[in-house]
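Same chain, two partners: chain A is paired with chain B first, then with chain C.
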Partner chain A sequence: MALIFGWPLLRYAWLSGHADSVLTGLVPVANGGANWLRLLSDQRFWVDALQTARFGVVSVGIELILAMAIALLLDQRWRGRGAVRALTLMPWALPTTMMALGWRWIFNTPYGPIEQLAGSLGAGPLNLLSAPSLTWLVTVLADVWKTTPFIALILLAGLQTIPDDLYGAFRLEGGTSVQALRRITLPLLTPYILLSLLFRLAQAFGVFDLIQVLTGGGPAGSTESLALYAYLNAMRFLDFGYSATVMLGGFVLLMALIGLGALILRLSGLIRPLQT
Partner chain B sequence: MRNALRCLVAVLSTVFVLAGFAWSSGNRLTPVPVSILMPAPFADASKELVNRFNREHQGKIELTINRGPLETESISDLAISSLLLGDAPFDALMMDVTWLPKYVAAGWLEPLDRWFDSSDSEQLVQGARLGNRFENHLYRWPLVADVGVLYWRTDLMDVPPSTPDQLRSVALNLVQSSRVANGFVWQGRQYEGLSCDFVEVLHGFGGAWMSADQASTTLDTPAAKKAAAWLDSLIRDGASPRAVTNYAETESLQAFKAGDAAMMRNWPYAWAELQKPDSAVRGKVGITLMPAEQGEKPAATLGSWGISLLRESPHPEETVEAIRFLTSETSQRERFLDYGYTPTAEALFTDPELLAVSSALPDVRRALNHAVPRPPTPIYAQLSDVLQRQLNGLFTSGGSATETMDEAQIRSETLIRSAGGMA
Partner chain C sequence: MRRHSAWIVLLLIWSLAPMLWQLLTSFTTSAALVDGSIPFLQRWTLNHYRELLSSNPPFWRYLANSSMLAAMSTVLTTLLAIPAAYALTKIPKQWRQPVRFVVIAAALFPYVLLFLALLELARQFHLGNSLLALALPYSALQMPLALLLLTAAIEGLPVDLDDAARLEGLSLRQRLRWVMLPLIAPATASTAILVFLFAWNEYPIALTWLSRSDLLTLPVAMARIAGSSIYSVPYGAYAAATVLGAIPLLVLVLLFQRQIVRGLTNGAIKG
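== the complex of A and B ==
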């Protein structure tokens, strides 16, 4: 843990205190807190942080709701369930870059199927990849399509740990199935929900390949994520000192967000099932 | 019959023995390994050349081409990652024109002045002489020439437009009379292609990205504002489809090739694509320069790839020999005839054999004589990033061209200041 997580983090922390760019001939030169001061006043960092948070929270939120429905469905006994279970995993198994390329063509104006459909309905060109207020939703859609199966899989595993007798007893006492969902399924599933939330939020905050291929951060930077900004700084601008600062700054923000989430959960009492 | 058989056996065994000798003598001299990293299309187009080079240098040099990814950005990532690790697994690198100052500043390249002199440069077409030098040293030798050009439909207009106003009105007329779905397609996506397109328009209006002394950017000049406003007006008025704000080269080519556009800004590679059997505009396409206002010189943004020698290479002499071979006139001729890559040697542009294959060659040469490089500075990627974001923001979120370019200038100045000047 210390080796694969701690070491890179320490290295980033060290780098963020140095100017290490093409201008220093790629030799790290200590520059005090200059990188951090720059980060604080770097409007683009804060805009990207907000955009990343928006992407993460919205896509994970939608994924959780959809995945819950899918998991409940796949938990029932019906003919062909095994085949459908395997099929739902398909998007998750596809490489993100290929999927993103696919979406880029699906939303292509004017040749993509979405535009063709809109055109035949007389809705004119939608230009969904050229509208700063809408394009981020396309990235959310692509992400939901790909990673919902992942959450569904975790939730399904959780559902299968709930003994059937519980439901049987509940029914005997006259409970309806909606009540069963609220009183039995959800509370017992909470650890699994929190686990998948944690996994997915961490992943969504580091979103890079999907954005890079689908929009390149555009239009007008409206879909740029923190990871993309850090990547640009390192690999395009050869500014490793500042890139490390952006990464670390993003990490601090993510930790703060997770801490805040945990606090809210604890205060609202939702987290209790974890401790029992 | 039996004699014939005996003869055959004798001949065969002689061949085997000779081959054996050749083999063992080849083994005694271990050839110097030379490897060059190239983007996939160039690596594929070099296969036969590499085989010939290795035959000619048998026992002396063994050249291998590392086949990199397809896209410019991916190959840059791969190159940079290996260079950062220090011990690069190759001796030379195929370089895009904009990388050069950055790579030189990072200390990764070895000057080529020792091997190439002015007599070599004089063989090159005007546009191929640019973008190979930085801080008075030669760091790259060109492999293919490349500049931005304007494609136009010969079935929709008699002559191509030569001024921005003409282009706009021709495009609008054709669209409004429903003779074509889209007027002018170009690259408006937030990426490097947008900067390339803008440089051409900017010069067409008499502006420039950098001041004459290269000390600062000049993006808030009236010319720059006119250029941005003109591009924006194309989209607003319908001379260009709104979708160009997400178009890269591929999407523009797709629309033009399908017959859905009257004009397209692209690179010379598109010509061969447009002449393929599946092209709806085959034989109906002309190439010209991007428009310029009356009295201004039209400009063609310099693209082009070349090979650079890496400082870490343990075999510079042998590597340069390979670079010379791959960029020779003979190799260029083959690469053009077999794969359509624009040559760099002046002489080849008037070669009857090449002209027979592509009638567009004289037009490409004309564009090469108007080649304009993008700012040669180690912080080019940052400057271009600023410009792309500002312009794409103007096209997609509205605002005024004046504010957009003022902001681009302010951000560029901040960048230059924090870099301590232009280096």
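== the complex of A and C ==
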């Protein structure tokens, strides 16, 4: 484990201080901090970082809300619940690359069902996969579709640890179900919400499969993520030194983002239930 | 029940509609896909499936590759993780918290970022283009999750049990095999199925380690169809591939949904 997780980070740190590309005959040559200086002034890196953050925050936000609704639904007792739970798991279990191309067909202009529907409603071609302002939303949708079941399951596990008596007592006191949600469910669920938030944000930050297959980073780089940029640097531009720098830079940004998130949570007092 | 049924139907449509659309597409002729005016009865075909199974290499090859790789990764991970998890429950108390923290951090780490260094390792040790070798990084990447699930299970067992078995004169290996293993079987099953799904779906590392077309795993083979041309993806054949590739997973999820759910939720609660 130390080898698989620790070694790459050390190796990147070392590589990021070297020029290692076709120009040097793929032999690492120390170039001081040139890679890092380049990173700081590399507009594409910062644009990708913002796009990755946008993708992560928006999709994880939507996923949390949807997953909460699904978890509440699956927490009720009704017949066939097990089967429905299994079926909702399917999107999560399928390979990302597989459905990514499926989405490309569904959002295809002009033959996909979405465009056909829009066309029959009189809304002209939407060009969902070639309009930079829309395409990133398609990637968000595909991600939400795939990973919501995962969060829903974690939240469901949390819901099932809350004793029913608590709700019964609350209702006897005259509380409504909306109040119960806010005063009992959400506070007790906070650890689960934070856990899935952390896990999903880290995953979304490394988004690669989905983007590479669904859009290839396009149109005009509008959906390119940091992981894809690092991949392109290594595999297409054959610039391994800079690719390592991009990955380390991205990792540092992720840490900063998580730190910032934790700080905001602490300041807003949301994290307090965890400590008691 | 009635109060929820509308929501349940909505949930099912949301989860299944994209897949059902692929199913429909896979039986539609290529001409009908781009021409809505073709009469209903002339729109259907099995050609996409025929093409897929007679192409070179045939599609079942990728299924076989993925199955083999996933099975090997699963076996390797569980074989290594069970003794390691047992050891983790025996380390001194003051070390337990830091070690757990490291394991959780590793489990959360977006592993995509590791692909470049792993690729270098593969080149260094000539591990590229080998399914057997690919099982090594897969096991390592899934080790944190496996350890979390299995240590949680072992810690849930009464401590006296292990001590009693030791007093009976059982060796470490015997205790693991005859006392621990049967008791943590459910957790092991959960771990195994999660590792299997990971290995089946993994993309970036397989993409960079494998280049021979008869060795590709399912996700890489699928993505290759997409990458071949941006403008003329053979959507019909592709949809058929999706359907064939999804069937094993469908069976797996329906058979093992209890283990999957338990694995995911135990990881959440005790991790």
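FYI, the second predicted complex is superposed on the first by the 272 of 276 C-alpha atoms of A that agree within 3 Å, B and C clash if a C-alpha of one lies under 4 Å from a C-alpha of the other, contacts with A are read in each partner's own complex, and residues count from 1 in each chain.
One rule holds for everything that comes next: a residue touches a chain if its C-beta (ideal position, glycine included) is under 8 Å from a C-beta of that chain, and two chains touch if they have at least 3 such contacts.
From a predicted model like this one, the values you see are computed outputs, not experimental measurements.
When the two structures are aligned on the shared chain, A:262 is found in touch with neither chain B nor chain C. By the touch criterion defined above, A:219 reaches chain B but does not reach chain C.
Once the two complexes are overlaid on the shared chain, A:235 sits against chain B and chain C alike.
Of the two partner chains placed by the overlay, neither chain B nor chain C lies in contact with A:50. Applying the stated contact rule after C-alpha superposition, one finds that A:37 touches neither chain B nor chain C. Look at A:127: by the touch rule set out above, it reaches chain B but stays clear of chain C. Chain A has more of its residues touched by C than by the other of chain B and chain C. In the superposition on chain A, contact of A:111 is made with both chain B and chain C. The contact surfaces that chain B and chain C form on chain A in the two complexes overlap at residues 108, 111, 216, 235. On the side of chain A, the complex with chain B involves touching residues 22-23, 25-26, 38, 108-111, 125, 127, 129-132, 215-222, 232, 235-238.
Note for the complex: chain B touches chain A at residues 73, 76-77, 80-81, 84, 102, 105-107, 181, 189-191, 241-243, 245-246, 251, 254-255, 258, 260, 378-379, 381-382, 385, 389, 392-393, 395-397, 418-420, 423. Listed in rising order, the residues of chain C touching chain A in the complex are 1, 4, 7-8, 11-12, 14-16, 18-19, 21-22, 25, 33-34, 36, 106, 108-121, 137, 140-141, 143-144, 197, 200-201, 203-204, 208, 218-220, 222-223, 225-227, 230, 233, 235, 238-239, 241-242, 245-246, 249-250, 252-254, 257, 260-261, 264-265, 268-269, 271. Those residues of chain A that touch chain C in the complex are listed here as 1, 3-5, 7-8, 11-12, 70, 73, 76, 78-79, 82, 84-91, 93-106, 108, 111, 113, 116, 145, 149-150, 153-154, 156-158, 161, 192, 195-196, 198-199, 202-203, 205-209, 212-213, 216, 227, 230-231, 234-235, 240, 243-244, 247, 250-251, 254.
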